[in-house]
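Take a look at the structure below.
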Amino acid sequence: MDILFLSDNTAPADPRVMQAVTDAGIGYAKSYGSDRWTEEAETLFRKEFGEQALYFPVLTGTGANVISLASVLSPYQSILCAETAHIACDECGAVERFTASKLVPVKTPDGKLKPEMLKPYLAHIGFEHQSQPKAVSISQTTETGTAYTPDELKELSDFTKQNNLILHIDGSRIANAAAGMSLSLKQACAGADILSFGGTKNGLMMGEAVIFLNPALAESAKYVRKQYGQLFSKMRYVSAQFIPYLKDCIWLENADRANAIARRLADGFTDRGISIKYPVNGNTVFAHLSDVQIKKLSEKYVFYVWDETENLCRFVCPYTATERDADGVLTLL
Amino acid sequence: MDILFLSDNTAPADPRVMQAVTDAGIGYAKSYGSDRWTEEAETLFRKEFGEQALYFPVLTGTGANVISLASVLSPYQSILCAETAHIACDECGAVERFTASKLVPVKTPDGKLKPEMLKPYLAHIGFEHQSQPKAVSISQTTETGTAYTPDELKELSDFTKQNNLILHIDGSRIANAAAGMSLSLKQACAGADILSFGGTKNGLMMGEAVIFLNPALAESAKYVRKQYGQLFSKMRYVSAQFIPYLKDCIWLENADRANAIARRLADGFTDRGISIKYPVNGNTVFAHLSDVQIKKLSEKYVFYVWDETENLCRFVCPYTATERDADGVLTLL
Amino acid sequence: MDILFLSDNTAPADPRVMQAVTDAGIGYAKSYGSDRWTEEAETLFRKEFGEQALYFPVLTGTGANVISLASVLSPYQSILCAETAHIACDECGAVERFTASKLVPVKTPDGKLKPEMLKPYLAHIGFEHQSQPKAVSISQTTETGTAYTPDELKELSDFTKQNNLILHIDGSRIANAAAGMSLSLKQACAGADILSFGGTKNGLMMGEAVIFLNPALAESAKYVRKQYGQLFSKMRYVSAQFIPYLKDCIWLENADRANAIARRLADGFTDRGISIKYPVNGNTVFAHLSDVQIKKLSEKYVFYVWDETENLCRFVCPYTATERDADGVLTLL
Amino acid sequence: MDILFLSDNTAPADPRVMQAVTDAGIGYAKSYGSDRWTEEAETLFRKEFGEQALYFPVLTGTGANVISLASVLSPYQSILCAETAHIACDECGAVERFTASKLVPVKTPDGKLKPEMLKPYLAHIGFEHQSQPKAVSISQTTETGTAYTPDELKELSDFTKQNNLILHIDGSRIANAAAGMSLSLKQACAGADILSFGGTKNGLMMGEAVIFLNPALAESAKYVRKQYGQLFSKMRYVSAQFIPYLKDCIWLENADRANAIARRLADGFTDRGISIKYPVNGNTVFAHLSDVQIKKLSEKYVFYVWDETENLCRFVCPYTATERDADGVLTLL
């Protein structure tokens, strides 16, 4: 059985990243981030995102999201997010538990929030019977595989700034978004205050980072990271991975490859009369298969039937996927 | 400047462990623990701790402790621990924040709890004005470098069982305790219900585990681990480390080496008339140095002056320390 | 300006209830509920709800809801409720903050949950990436003024029992529901496990109660009430109010009166061609007024324009409202 | 059996307070504090504590303490308090649960904190492995019956200001402290930032208040109060009690009476050779009785044997206690 389209975290680490990990295992190093790999990674992140950016390496995507949001929320405040958001659907209430705040899921057609969807939630500012909106959290790319264009980002960040809200991006697939739109990483999250920068899904062994694009928001972050159990002692092993990932543009190379395969899959589906539900802006494809097609494909592949009521199937392309892998699926259909 | 005695997490991963990590990076694998490395690690843990044992790999020591305790506590219950415990002193209130429970620090002469110290805290069972004791958390070895003997463990676990309490062990240095007393890992935590099994301080790149010795207590553990952000997607990279660590007895070899160097340091201190504060049962030595000695040593070594009021200095030996390293310190004094 | 239709908590306490409060202020009494008024109130609640029922007097409606739910939920579990529920909309995230659980708002046409609306939320039982549904919380009457019939309650409670869920009722207006359907209080919440029994909105000075209809769920309730700050020292003053309220059927008399005025208002609206949005099953009426009508009415009355997009206005009748009060509104329109 | 010395909350409400409650039950009033009684009470509190003071009526002592502290703490911060403090010993971990912060109990000889006891806890400011001290919470009078003199308060508040800490007073017996030292209420809490102002123990039916002496700290208080379930709908009934309590100096009259009886008890004990453990600065007396005396007294009185290891007995005098009540105890001994 072939599991590669099940998720992009089924792939192993990129060999170049793995080499960096091995190379970091030399000699003693101060723990908890006072090491030269962490210093170098921070320099690289600043080069990417601007001199003001602050880098907090963490261990998991849930960790990045929870630490981002818990650093800026009080428990009487709320977070607005798409009802399809990972923090709303797939983190077992981690954000609610750790922040003690309210998560407000907002209906969207394609996983993307727009200012007009958010406005109704700002009706009760200052009214103590209701949680007070403080952050808007979006995903880039979204869980439906769509991406916010720079214009859409600008519209949203203008809105959040005007309304004294913090804009957080869950960027577990930020590389795919940037690559898909031929943008720099910075452009792909322009206007955001805090970024959960993903690495594990795009070639890292293990490693995410909270990037404070707005450093004024980071005051409590180091404590929050410690309290959430993600101040890792041998931090060099995480930071070391980000060095080639950023310096050698592994992020772009890998994301480009994954996106291309997704594109190939999507085009192939369309050619075969299979409808694609959402625009394919990254490495994820949602397609409506027939019962027969699902049955046939299931004999060789493991993949998610995302919504059984509409036979909606999800295919996520790891950075290691090949044209042959895509063609394998297509020829079966 | 030599930092090796600052902490045992300054050392790099054991090369055999690192090889296992590299070897695990082959091919696709299901994420979140449905992989063959995790399966094999679980088998090895069961061989070590008994067939009933349940293995939950996690990422940090704070993670292991928080997930252990949050799996069994309700917020109206409390945890009794030594006032020197890592969970009480060095985790930034992580346990209190995530469990919402009360941590009750108990005074001890040497970091070890005894039943008679705990009894007074059981005076108000059923009285709703007071948090209800539910767990006793001890460290093996303790933060002072002492270890519980099997008799002491038995006495404690008899007490906790009689009083309907859960016994948790923070075993971030469980290998050092077992090695130091020539016990098996199982014997070194006999009677406990839940074990935070440490790996990172003794040769792993990154990896701890929550081991439920009493599997009836694990019902909510998988959700708690997810909520605490430590359900790692590419879990094979953590589990792979435990395989040689347990199978090839790396745990014992490394702990023995670290303990021997600590022994050598302690003996050397004593020979030089320097008083040792606590029995040295593992890889940690607390010694009272003079002002002159601290000054002298600080020119070449970075180490903690644990308590400035009594010139108490801490030396923790990593598994990579050598006799020469110890002699380097001793000859300076 | 007349505020009486703004909410039913604008009314003063019933004189008979106030007399009971005054009468309770004689002599010393043990605090925290070990008093004879609390004993008598418990006896009366058992007479009303069955011998197994447990009575926990509390101070506010939010208190009753939070203590009910926090007594039975772990933070990895979730609560399903109508998206119009008071706990979802009007308690500033109190439930989320204190339980650390996830609140899942479910869309309904009229504020009432039905099993078929809940089924989709049970799709991921045992899957650690998602909060695990544990409780269903409904309001009787609902925030839209509708009530669950005994058949609807049975259908729901059969469903919750089959699915190992707890059924909680926010009964801040349980008296209005029972009176409106000519049911006993017990019948109006048949099948529920826990009831937030409201008193303040229907004639008490201050007083609500958590009633465990299923006493097996009450194990942690007394601690939770204390932790939530609602173990009131001079509890006799709360319990004393429930004595005449239950014994002399003040609950029924007052609810009948309030419901009758709501009925009169609703009929009058209909007669004047004003559409009523929801069936009027209690003391609350939602009517679509025209801009002119709103403007006119606002000159004399203070009331909520609940939804400005559809000119939906809310009128809640306190137990003290009179036919003349209703006619005052109607003649203005 | 006579229970009056068991606690000061065994007494009924003062008849003048009860009259104010009854008088408030006239006509409709806006709920949640937009009523004229609340306005008048606020004016009186400002007269007492200064124009800047903010008044938040709440329902219980635990409520006042939790809302005070939760309004100003983030979960990575800690609260320093005496190890005998009510928030540490008698609130079932309510503060820890709701603030998610760490409570740090500090040893004291008599329940009173001094700057030199606090200094050692400030050693790790900025170090993310440790909770960061943010508030100092003291009780006036303390749980041992002692009171802080104005000089002691000044010393403490100078210290907290210098160290950027917030000074909170649990004033459940603030009236007894002020009366005992012939101070105004303001003088008895001079230098504090936030006061839990107690009423229930000194003649109110039910009613406490959070007073922000430093109004800059109150930004989140209204939300926190709502989340903690103490935004009471018919708030006039609480505020109405404070009006005569402050305006007619009931607080002083009642506290003077209770203190005088405590004085009489203490003097009588001393005359009979019974040792008093702590200075009697309010209405509480701790005395070392013999086994025979305890036995004898227990035939007629219910009281707390506070510490069985030293036969330490607590007597708290309610405002209703008389000289005859004190003499009743003394003649038995």
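Here the chain labels run A, B, C and D in written order, and each chain numbers its own residues starting at 1.
In the analysis below, a contact is a pair of C-beta atoms (placed from the backbone, for glycine too) under 8 Å apart; a residue touches a chain by one contact, two chains touch by 3 or more.
Remember, it's a predicted structure, so these values are computed and weren't measured experimentally.
Contact tally for B-C versus A-C: the pair with more C-beta pairs in contact is A-C.
Of all the chains, the one whose CA centre sits at the greatest distance from that of subunit D is A.
Centroid to centroid, with C-alpha atoms defining each point, subunit B and subunit C lie 50 Å apart. Distance between chain centres (mean CA atoms), subunit A to subunit C: 42 Å. Shown for subunit A are the residues that touch two or more other chains, namely 75-76, 91-93, 97, 100, 128-129, 223, 226-227, 231. The residues of subunit B lying in touch with subunit A in their complex are 2-4, 6-7, 9-13, 15, 18, 21-22, 24-31, 59-63, 66, 91-94, 97-98, 200-201, 205-206, 223, 226-234, 237, 318, 320.
Those residues of subunit A that touch subunit D in the complex are listed here as 74-76, 100, 128-129, 132, 220, 222-227, 231. Those residues of subunit B whose C-beta lies close enough to touch subunit D in the complex are 75-76, 78, 89-93, 96-97, 100-103, 105, 128-131.
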